[in-house]
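Sharing a structure, written as structure tokens. Questions coming.
Going in written order, the chains are labelled A, B and C, and every chain counts its residues from 1.
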């Protein structure tokens, strides 16, 4: 006899932690597959904020073991005609409403197969119209973790909904104009600018100049401690994006900016 | 050899997530039963709010596998003479302070046996007077999960404390007057009105009229998307209660109401 | 064949719950040791607050099974020359930045061995400079849980950084002047005064007098219910420290005090 490795099911939702919604989903999963290893990615996505949910899933999904089933429920269209889809990539399974939640991920990890989840055999009986997390996503994920194949969940389809992800703009003046796409707990301003974009600038780490509103930051750092406590810096963060931070501080409060604010890079 | 299914222990408390109280309880459980599958239902119950704790436990408990041990610690009387009880129903075990936390559940799931938990053999040595979650609930739950019987925990008793759960009132005018008993993260206003109450109205889905303060909402919907984004609607939610919601919005902010506010239904 | 007991890895960080940082660490651990039992102690440590992180770890670590690997990442110096250390005590392993996080614990549990964690064989490939939780702590902890020895992680060192933990002062007037070192979710004011300090006062439970600002509380209680709802009391809390509380209330709001505020005890 061999002890089978427990299958990982991750959960990312906008359900918050103040109600019992997430716990209920876990109860449903444990009832179907008692050996599933359920891991929370995040439940504090702002209500209905598909973009942020998609961003956080993108930064984390590939750090999980192969065959992980990623369940993401940021689902303002619950109960409407939006589809629920099961997306299979080389290494992972995703179970999501088809509303653009995978927009970041599909740029990196091509879907091999996409199925519209319709087979009520893998749902709870008499699913509600308002809590598909409990009645559809959780049981379908649990069944997948027991070996049910994505194609058993429903009908093959060929396309996913896409959110528009803003791309940095190369200006004629030689500047790159990006924007803040996410701000984390520490107030780090995460932009849509990658090393690839910077490469085109033909600048050096020392000479790169970053503008946040009217403030300018000279140089690119490798880590927070490259500047003194309380001082601003620019670096490429752990998700590969250019970030503006304050060493031991909070850049959002310092710069008084928000998601969508422009960040301009020049040499 | 067979691998035994890990026993589920759920935790619901008002301990919040800012301290180490919940983690400490899990440490105690893991030390006694390393194979227990501990699942959080909710720890953000407002401090000492037995009613909300009882409501959330009610909406979630039956989605867990049979034999699950539900531990709920919203316990303003910790260290006083209030009892801790182990309640056995057809499918579940509950370990709670005897303060009304099970008031919603016992309407649906009759206690088969109730035991006052007194056997210190199943507690940590020298239990504190202020943290029974760690010193009594966690070890007792862990021992239950290893096969200890509820009757081994203490003395059989026959009654539980009950909270008063407000019931909707049928008015002479033919209206049903309910109230908001819970408001979730999304601002959904959950009332104490069930389909059973509405049936007496002999109305139709289309003709039912709901009043929240001075505002009226016509009709009952099946799901949020039945109205446009930003518009109010009324439906029966995932816990079986009538809810007032805003599609893609927050009904609590929109109606400026609170727990206890009246909701009136008429045909 | 025997089923091995899953090894417990605890996580305590200042990463919060709004991002995907903690979930990502768990993904890394599950990828290396699918049978690890990961338990959250707390992730809501105020950003960069090493003192509070150290306090919470101290109140909880010893309630976990022996051989537990405690991972604590409150790490304002991430990416700088600060060390990451693996500390072995009689019963536990700790994996922490060497910045004083263990200051409370080493007063109680002497380090047997301390290793600077340098062996990149146990890190993720190409570790980032800003997210060692994911790239160093998580994989190193997972390898420890599989049986890797602390000495395999790096070089033996002999000393740990220490935070200054304020000690109560015995005044010539016979008073003991302590201070608030932590305030929990319920607003309980936890001081640095232990039973040991009070013993020197040669007072009795009834005659002890506690001053918080200009307010005085007479006597020491055993539990909250020793006073009426809404009234202040003083007791020794579940971590062994003297606490000022309000029965069914919030002492922080009542006394309008903060961490660092003085608490004076006299007979």
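Please note the rule applied: contacts are C-beta pairs under 8 Å (C-beta built on N, C-alpha and C of every residue); 3 or more make two chains touch, one makes a residue touch a chain.
All values reported here derive from a predicted model rather than from experimental measurement.
Enquirer: Give me the superposition rotation angle from subunit B to subunit C, based on Cα atoms, as a multiple of 5 degrees.
Expert: 120
Enquirer: How would the subunit A/subunit C interface be labelled, same or different, where same requires over half of its residue numbers to be shared?
Expert: different
Enquirer: Roughly how many whole angstrom separate the Cα centroids of subunit A and subunit C?
Expert: Spacing between the chain centres: roughly 31 Å.
Enquirer: Multi-chain contacts only, two chains or more: what residues does subunit A have there?
Expert: Within subunit A, the residues that touch at least two other chains are 1, 3, 17.
Enquirer: Touching residues of subunit B toward subunit A in the complex: what are they?
Expert: Residue positions touching the partner: 1, 3, 5-6, 8, 10, 12, 17, 37, 39-44, 56-57, 59-60, 63-65, 68, 184-186, 222-225, 235, 237-238, 243, 248, 250.
Enquirer: Quick one: in the complex, what on subunit C touches subunit A?
Expert: Result: residues 1, 3, 15-24, 26-28, 30-31, 34-35, 38, 47-48, 76-81, 128-131, 134-135 of subunit C touch subunit A.
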